[in-house]
């Protein structure tokens, strides 16, 4: 099966989104770095193979897997039920709070202030789907999906967007990077915690089982906390949900 | 009256008209003959101001054609011209070809213009071709249409530049007949042509052009019967 | 020997050859005359197998042209043909035009082919045009080049299809001279032509085609002097 | 080998949404063509104007339009010009990008078409007393449009295909954008895009067919 | 605008993207041209009626956005056929067929432009079909087709900007990556546009020159 294939091929190909700091990004020499990149490297090491980072834009993560271009996704992918009809998810390996970032000139200070403004997010993400639904519910303002997180923040700093909802880690990283003038994180978005999971083909039970155990081990060995401290910092998100079996 | 006074014109280095003097009176039919490149076409396009001149003067009914103040679009309305080829507007029907200028230039209504156009087209024998496109016409019919088109502007003068020379021999006759008819009606005309029989029969005077100079001008009998100049004699011998 | 036996050929609905019988002996010069659309060109292209036939037989030196087993490329090497429109290969020089087939079809070396080509080109009076491109040649020169090109394959038969009719009058003579020269050298030839003087002077027999039928065939004196058929008489009257 | 289960039913349920997207796609394409043709006429006139600076502007436009990717032009219309504080909505950015491209290619076609119209046509018009502009408007332009009609049809098809690039500037109401959004929700990539492909194919066929019928009506000569 | 954070490293990164653009273009144009010649000749040889199925298939590549072709080919190869293909392979396959579809039309036009009488003359000298094709049709058709073919090759280079959807990092994608890091969109986009322009313009001019030269004789 796939697990055997990976081990015998000697390479693990991970889909990673590289314009999603601090989860995935590039350093000054344009080499991929970030939480997801390290996570993939850890997984490869556990399997005893070489890691290969395949950059995929958000909308192309699942197609890349389905088309056999990658073996697993380590791409901050929300584990929605709709998607689980197509791919197999592991248990969550990370959890995001959603934050609102706005252009200072728009005068937005909270999630509710976004009503009536032009807002945007990355096409195909959990927050984009939720935000678009919210804009439709408000009945005013407009929603724009861009292809990459970079385009979203570029549009935001250019003033093409008034505000965006993104994972709080990404928002903090981008605001602190100093690349974007005149934007700030102004609050939380009242969306459910966005649990993200590793994914693989849904009929690869062996591999999925391995991924579940791997996520578990990462937490148990403290590696999860270590990576979190390196790339994000602050209070470690709890990956468990109370009151239900997983 | 068309008065041409010492007109000179060059294309680049080459002097094409070398001081032409010529007057055409109202009602006169002047035929211009001459070898290829002698400047006949150039003279016609200077008369209606399509080409600028280098020196001299051309007066049409007293108006100086190349004066800055002259409204050429207006002037050209009284000078009809028909060229050797590519006259028809291929995208318009015969009727539309003829009504276009009266409507857009003279501002006639569609009905008015069509009435005039139909009259002129019937005049040149194309009364049954109104809705046809020019590409469906023979060369002779196309030339007659071009004549009707010029006539529809009610010009006082008509200039014809070798209107039959691109036609098959059997089509030449019908076009010459039309010219003859116009001449008989008293239209003032300058015809550049290679049809010597036409020149002899129809024109009041014949001018012979040679290398940019009007070598000789006179009554047809004189030019064809007793040419004064050696070059005229040679030319006439070569075309006979 | 070329034997044509009851050949029929249609394009779609239209029957273009309606049962032609004709034999051309070695060394003979046959001229074919006839109105436009009478099937003359079609017959020639059937003889060298460029067009299939519907029924009947064509034999060239005993080989049936349209038999499945016949190697047409081989057969065509002994039948040279020159068409009405100049069909020079525009991307090749005159010399290359002539050497191409000997080299590629007969497998001659470049030197060999060039020797033959030069001989043939000198033969038709183009000895000084070897390196020229055909677009720089006059129509008459292009036709002569086409003749040299066909001759370079050392054909036993030559077919000529109105080789002069697309030429300006002053160029016709030089091409007819070349044909005459070939005839005098004993080449077996079928010439479709409108040049009656040539037909009379050069050919052994003249065939008159009318609407897909060979209406009459005989010695030039007979056809031109005392045609047997009414249609022949009418045709000759119309072209005189 | 074919153990992939196609879910056409689920995808077909989205057809109405995709057809709505197709309407937006058509809007962008038609608008970009209409404006593009007008601009191309202007560019052509500028290139003929005899004024060097004007001709240079027109030529630069044409060369950039023809020598850089359409995607680049659209991206530039959105993110590029925003550096100067000029903001266009995705719809407008896409429209500007495609129109810029159309105008450039069409201007080049028009120039070729003009060459094919004999000079004597203008002369004939002028000698009837028409002004330069009238001669262009009533005599040259109609003939030019006829000669350039086939290239114009091709450009229209390209305009339709180019609308798919709108997603890069945040467009999600056109056919491609709608399809991509649906894909993000359901991940039925193959089925959804196959349906989109069929819709695109049908649209382009309707356009080429329509153009052929239109040509038969318009150009009776 | 001219003080930029762009480093030599970034320029190399951009150059790599440009290299990828050129690589994809060369492979696709090469394969596409060979296929296009094949399809074009087959179309002419079979005649319009018999070649209708081929014409239909080729037409599809010209009637669907390239972006969709790429996404579909990617999804089909991976999800349905379960082939393990790199993005580069998929990109080159799709672009090759795309090129072939346009090239077939160009080839057909070129062959049709060779006068039938010239081909008859060749055949009547005893040349076989192949020899006629090789020595007469090909050189003549090339004159007609080459300028359009150059246009096509440049078109493919520009269209290769879309292969980012199958995870191939070509020039425009590299530019976007740098924009992410450096936040100098205008400067980087101009750089990127200049690059396309610099490759395209001389070739386009050359095509125009050939067209002018050959249309005269």
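Before moving on, here are some points about what is shown:
Letters are used for the chains, namely A, B, C, D and E, taken in the order the chains are written, and counting of residues starts over at 1 for each.
By definition in this document, a residue touches a chain if its C-beta (ideal position, glycine included) is under 8 Å from a C-beta of that chain, and two chains touch if they have at least 3 such contacts.
All values derive from a computational prediction rather than experimental measurement.
Shared contact partners of chain C and chain E are absent; no chain touches both. Think of each touching pair as a link: the shortest run of links from chain A to chain C has 2 of them.
Between chain A and chain B, the least number of touch steps comes to 2. Chain pair with the highest count of contacting C-beta pairs: D-E.
Chain geometry summary: the mean Cα position of chain B and that of chain C are 47 Å apart. Centroids built from CA atoms put chain D at 46 Å from chain B.
The distance from the centre of chain B to the centre of chain E, each centre being the mean of the chain's C-alpha atoms, comes to 54 Å. Measuring from the averaged C-alpha position of chain A to that of chain E gives a distance of 36 Å. Counting partner chains per residue, chain C shows two or more touched chains at no residue at all.
Taken residue by residue, chain A touches two or more other chains at 63, 66, 151, 154, 158, whereas all remaining positions touch fewer. Residues of chain D found to touch two or more other chains are 79, 82-83, 189. If you check each pair of chains against the touch rule, the ones that pass are A-D, A-E, B-D, C-E, D-E. If you check the complex, the residues on chain D that touch chain A are 78-79, 82-83, 85, 87, 89-90, 167-170, 172, 177, 180-181, 183-189. In the complex of the two chains, the chain C residues touching chain E come out as 45, 48, 50, 73-77, 79-81, 83, 85, 87-91, 100-101, 104-105, 133, 135, 146, 149-150, 153.
Listing the residues of chain E that touch chain D in their complex gives 60, 62-69, 71-72, 75-76, 79-82, 154, 158-159, 161-162, 172, 179, 185-186, 189-190, 192-193, 196-197, 200-201, 204. Looking at the complex, you find that chain E touches chain C at residues 115, 117-118, 120-128, 131, 135-136, 139-140, 143, 217. Of all residues in chain A, only 58-59, 62-63, 66, 82-83, 85-87, 120, 123-125, 128-129, 142-147, 151, 154-155, 158-160 touch chain D in the complex they form.
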